[in-house]
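Sharing a structure here in structure tokens format.
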Amino acid sequence: MTNKIKVAVNGYGVIGKRVADAVRAQEDMELLGVSDVTTDYRVATAITQGIPVYASTEEAHQEMSAAGYPIAGKLPDLLDNADVVVDCTPSTIGAGNLDLYRTHGVKSVFQGGEKHSLTGHSFVAHANYSSTLGRDTTRVVSCNTTGTVRTLIALQDAGLLSKARGVLVRRATDPWESDHSGIMNTIVPEGRVPSHQGPDAQSVVPDLDVVTMAAKGAHTHNHLHFWTIELTRPADTEEVLEALKAMPRIAFVRRSDGIVAVNSTVELMRDLGRPRGDMYEVAIWEDILTVQGNELFWTYTVDNQAIVVPENIDAIRALAGTVEDGDESIQRTDRALGVRADFFSPSQCSGRSKTPA
Amino acid sequence: MTNKIKVAVNGYGVIGKRVADAVRAQEDMELLGVSDVTTDYRVATAITQGIPVYASTEEAHQEMSAAGYPIAGKLPDLLDNADVVVDCTPSTIGAGNLDLYRTHGVKSVFQGGEKHSLTGHSFVAHANYSSTLGRDTTRVVSCNTTGTVRTLIALQDAGLLSKARGVLVRRATDPWESDHSGIMNTIVPEGRVPSHQGPDAQSVVPDLDVVTMAAKGAHTHNHLHFWTIELTRPADTEEVLEALKAMPRIAFVRRSDGIVAVNSTVELMRDLGRPRGDMYEVAIWEDILTVQGNELFWTYTVDNQAIVVPENIDAIRALAGTVEDGDESIQRTDRALGVRADFFSPSQCSGRSKTPA
Amino acid sequence: MTNKIKVAVNGYGVIGKRVADAVRAQEDMELLGVSDVTTDYRVATAITQGIPVYASTEEAHQEMSAAGYPIAGKLPDLLDNADVVVDCTPSTIGAGNLDLYRTHGVKSVFQGGEKHSLTGHSFVAHANYSSTLGRDTTRVVSCNTTGTVRTLIALQDAGLLSKARGVLVRRATDPWESDHSGIMNTIVPEGRVPSHQGPDAQSVVPDLDVVTMAAKGAHTHNHLHFWTIELTRPADTEEVLEALKAMPRIAFVRRSDGIVAVNSTVELMRDLGRPRGDMYEVAIWEDILTVQGNELFWTYTVDNQAIVVPENIDAIRALAGTVEDGDESIQRTDRALGVRADFFSPSQCSGRSKTPA
Amino acid sequence: MTNKIKVAVNGYGVIGKRVADAVRAQEDMELLGVSDVTTDYRVATAITQGIPVYASTEEAHQEMSAAGYPIAGKLPDLLDNADVVVDCTPSTIGAGNLDLYRTHGVKSVFQGGEKHSLTGHSFVAHANYSSTLGRDTTRVVSCNTTGTVRTLIALQDAGLLSKARGVLVRRATDPWESDHSGIMNTIVPEGRVPSHQGPDAQSVVPDLDVVTMAAKGAHTHNHLHFWTIELTRPADTEEVLEALKAMPRIAFVRRSDGIVAVNSTVELMRDLGRPRGDMYEVAIWEDILTVQGNELFWTYTVDNQAIVVPENIDAIRALAGTVEDGDESIQRTDRALGVRADFFSPSQCSGRSKTPA
């Protein structure tokens, strides 16, 4: 590929810094720079890594310059040269940026904190890559919704999904947060049924019969989802596993391998050398998954900091229009990021049985 | 009543000390004493309150005496005079005690940590008080199962229950535990579906169509249950609320009253002056409960330390046979303990609307 | 006593509700009412208990009335009849109330969230009750400072204190808080040395040579203090224990009794039947306390919700001027609240050795 | 270097896997293999990375083989070819291995969980590399002790240290632990003064005048240390900072950079691309550090999983005797691991002031 997609990232926080790194890992993309308003260690580490840093506001430009950072310019300068901008600003800020992006003629990817109505299109790569082609903006849905859509459309593609009822226990705040953001020694239920994730999944796949209940749990990483799913017909476990294996970005974990809780997957990712310990895959417990007649029960965990990163990369390509086939984009993204269908290398651990007998 | 039921409590831990206090609060019961093996502050506070303390083993008798405690005797001495013993020993110990109790001719109540097969009868007051009459032993089911049975039979009694699918997020350990018992910054799913609570509910009410999934959450008090319930027919919210109101030991809470998480109910109980901050009721969120067609979604919280206390009192009466009518026993128990159908006094807060319009 | 002190409590939160209950427990005081701005369960439980509730603002009066609460009036109505008002409003609000109180001719007690300069006098009962007589306002210092002053003046009174260096690990937020107030899986050091508690102790006892460092720990109840103290001379453990025993509101706990962490004391308070599980005493570990030459090391825990409650009661009496002798006030307060020098009743556990040999 | 040091790692847990990776990063070392007893994901990821895995026991060999892992052999096979073995087994196991290692003629590094008496020599690289030359075994002290020694000898080298009194708040358990190992909503003080870290530091530097108190805090990563230090004379902040800068493996962090709590440093390490997010350095807060006359107060945090890793590498070299100069070994190790004196690259963030004016 001679012409790389020129990408800007606006907002260098939990999602923005991961998207920036993922862009740099793609052969067909170039990270022009990131834009932010802070003067703390996040900006310092970006600069240390050689990433051009821009200031998102005039005030920020003054503060960042005063703090001694070599600032590359202001956000409009960055947008002038970009093909696509990924907006990773806080949800209260993002919506106001769309006009700016359009003014600069740059296509835009928003995050799940924004409303569907902002972009009129909500994105999960396998579900609707093709409908994104030709658009100038889309919205990658939230981490919980991404996990929900990936797993449910695996069943839908296999003709197995009738309706799905989920309980989502979210992490309460992000690991880096240090004050006035967490919950302590409690669990906080969402105030309404359905919680927003169900309808949000329908913004991607309208015909899903899905209802979610949710709570915030007293931990800082990973969501844990429990689902009761009515199948279109009685099935056996093997069929369900096959349906899941056919879907990218879903990987099996097993209690029998010592993966017994959400923090086990965090440790596993670190052991696998993943950057920042990130898990891009939905990790579904193969040995908890249970089918009873036409009812399916499963449990999986989602890395709230990382699961949307590959979707953002695909969304960039879909908007840029350089790859027309969603599957090809997914494969490129996943190869570059090291996304896996199983976290244990089959070739080297060849003797291990991967599926229950 | 001229002859009070003479009650012994074996095991003075989280449940035992609460049962002991509840026995002392009943007009028709007398607490003969408690038996334990420790020499720590728990025994000291029992003695301070004037409760006769017995030693459960020969070794414990020596240690407790050596520690300077005025010990009333050994467990067999206590059993010799008791009509009913409530076994609150750890689940690994309890099963071995049944023979001892029978040898001493004392009827026995076990806790949910024991298997149903130990007693052949599992108890929730409203569900099966009458079948307990004439027996010499029963088992009060666990806190999670008690909450499950109370709420589901409310629907069953009203002819509304078809099937119920629950996700139970348990507290990870008890508040007093200080080391090597907790989980930290994670959530741990149960390893199988159904988790044991569903089948356990069926040990009380065999015809329940119930499946549970469960997890341990990173908090120390109260379980939080989410249910997706298929009703026998489309219903409206008012019908469901009426069914719940007809059932004892269920109380409504509301997010609009500031009860927004499980720790809110703990604070509320303390504000109400409850001993140890205990909540005997299932606290169901009235303003989260949602009916959609023939589907019902609700969320409630259960005080794992206290919810089984009134059931233990009723089980004592049922085994003693002094009260034949379960409803009468429940009313006596609840009056003595101050169990409420609503935590806010209607007479004094008369202007407040208690139900959604 | 024929004329009781008429007390108003402004702010019915964590401290206010405890002070209100403590006032009601005193024979020489009458709780006229409490004032607040919320419409949640806190107000409902006050009304349920028969406490007259007033609205602190015009807006609150409308909201509380609209919520159906029987409101007794507005804050000025309450102040008109009061001798002393205890201000338990949030620290951002309290300072603005002093003028109001003076306009209404009511004496006032503020909490440690306010600055010393607001009242010009900071209060710990044993330290400076007498200098409070004749004043119209004082400020009960914060929970950490109260614990610090109580323990250090015990040494000072015994002529043992040279200088004290403390590390205070605070609870991060209160148990009732449900969202956006906590820290998760971290510990947060204070940004400067000394942390504010050292200078604050000097606002009560100016000649203390004290420096504190502090952090917020990931738990919701009780502070834990570690001190390295230089004595005026080499001493033995017994002398230090005697100095502590001479001081009111300090109680010993022991690891050998199973009190091994801050949550152990919470459980102990509940077992002792304390309202809300409150601990008014500084709980100092007798079997951790160590003297090496002229250096003393000790560890104690402070119930951040309750330790200032008895001080507030004494402050009311000192301002009212009805009791001139601080020791008499302390004894009255402590008798009414059940404050203890040892949490285990010596008369009933007579054989137990209370002090190391 | 033609002949690499052949290193075995026995025990592939939190420390073992990090030491193994660090060995592989050294130009003058070769990782022969690791030995363990588990069959879980840890072994699988080792194999996936191409590390030869051995079984530590006969039973483990059977289980690991049965689980389908390609096992390279048994522990004695591994030892036969090794120059140095790093024992990272649990502390209850390690001591029993010394004889085995000696029988196989392999030099050995133990961890801080073992007693000083096992090896008769306790190791911190800067403090006593030279006294390790010619020995056949040493013990790298624990994470807390390593942090303590590094910082105190910086002052000692500068002639500033008189005596040091520390309060160490330890993380309660490791991040990977999922059950029955943690504490919840409490803080647990050590039962005696001094806690073991003070005397342990003296096992490395006997003339240190150091006393420590300690507690377990409710978080899973990083220890936080507070120190009150008496200097030999009044000093200014600049002198202290210079002393710290002269010592390897100490790095400054600043609240003004957004590093405000121990979890901030974890996030920073991930942002810097550190493997597993590891921090090898003591991170001392430059803008909390305070000097008052001849008293110094400072606060730093220690990554309990990683801080001893570079010390293990140096201990290997010292035992092997291939490098005689400790400073040279430290520099080699630190270059290979990317250890830094400041986490922000001065060359790229050149305008930033690194030290307070």
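In this document, chain identifiers A, B, C and D correspond to the written order of the chains, with residue numbering beginning at 1 in each.
Everything that follows uses one rule, which is that contacts are C-beta pairs under 8 Å (C-beta built on N, C-alpha and C of every residue); 3 or more make two chains touch, one makes a residue touch a chain.
As the structure is a computational prediction, the values presented were derived from the model and not from experiment.
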Result of counting contacting C-beta pairs for A-B and A-C, higher pair: A-B
Chain located farthest away, centre of subunit D as origin (C-alpha): B
Distance from subunit D to subunit A - Cα centre to Cα centre, in angstrom: 35
Separation of mean Cα positions, subunit C and subunit A [Å, integer]: 48
Whole-Å separation of chain centres (CA-atom averages), subunit A against subunit B: 42
In subunit D, residues with contacts to at least two other chains: 175, 177-179, 183-186, 188, 218-220, 260-261, 263
Interface residues, subunit B side, partner subunit C - complex: 17, 38, 40-42, 44-45, 47-50, 67-70, 175-179, 184-185, 257-261, 263-264, 266-268, 270-273, 275-277, 343-345, 348-353
List of subunit D residues in touch with subunit B within their complex: 172-173, 175, 177-186, 188, 216, 218-220
Residue numbers on subunit D that touch subunit C, as the complex places them: 165, 167, 169, 183, 185-193, 211, 213, 215, 217-222, 224, 226, 228, 255, 260-263, 285, 287-288, 290, 292, 295, 297, 299
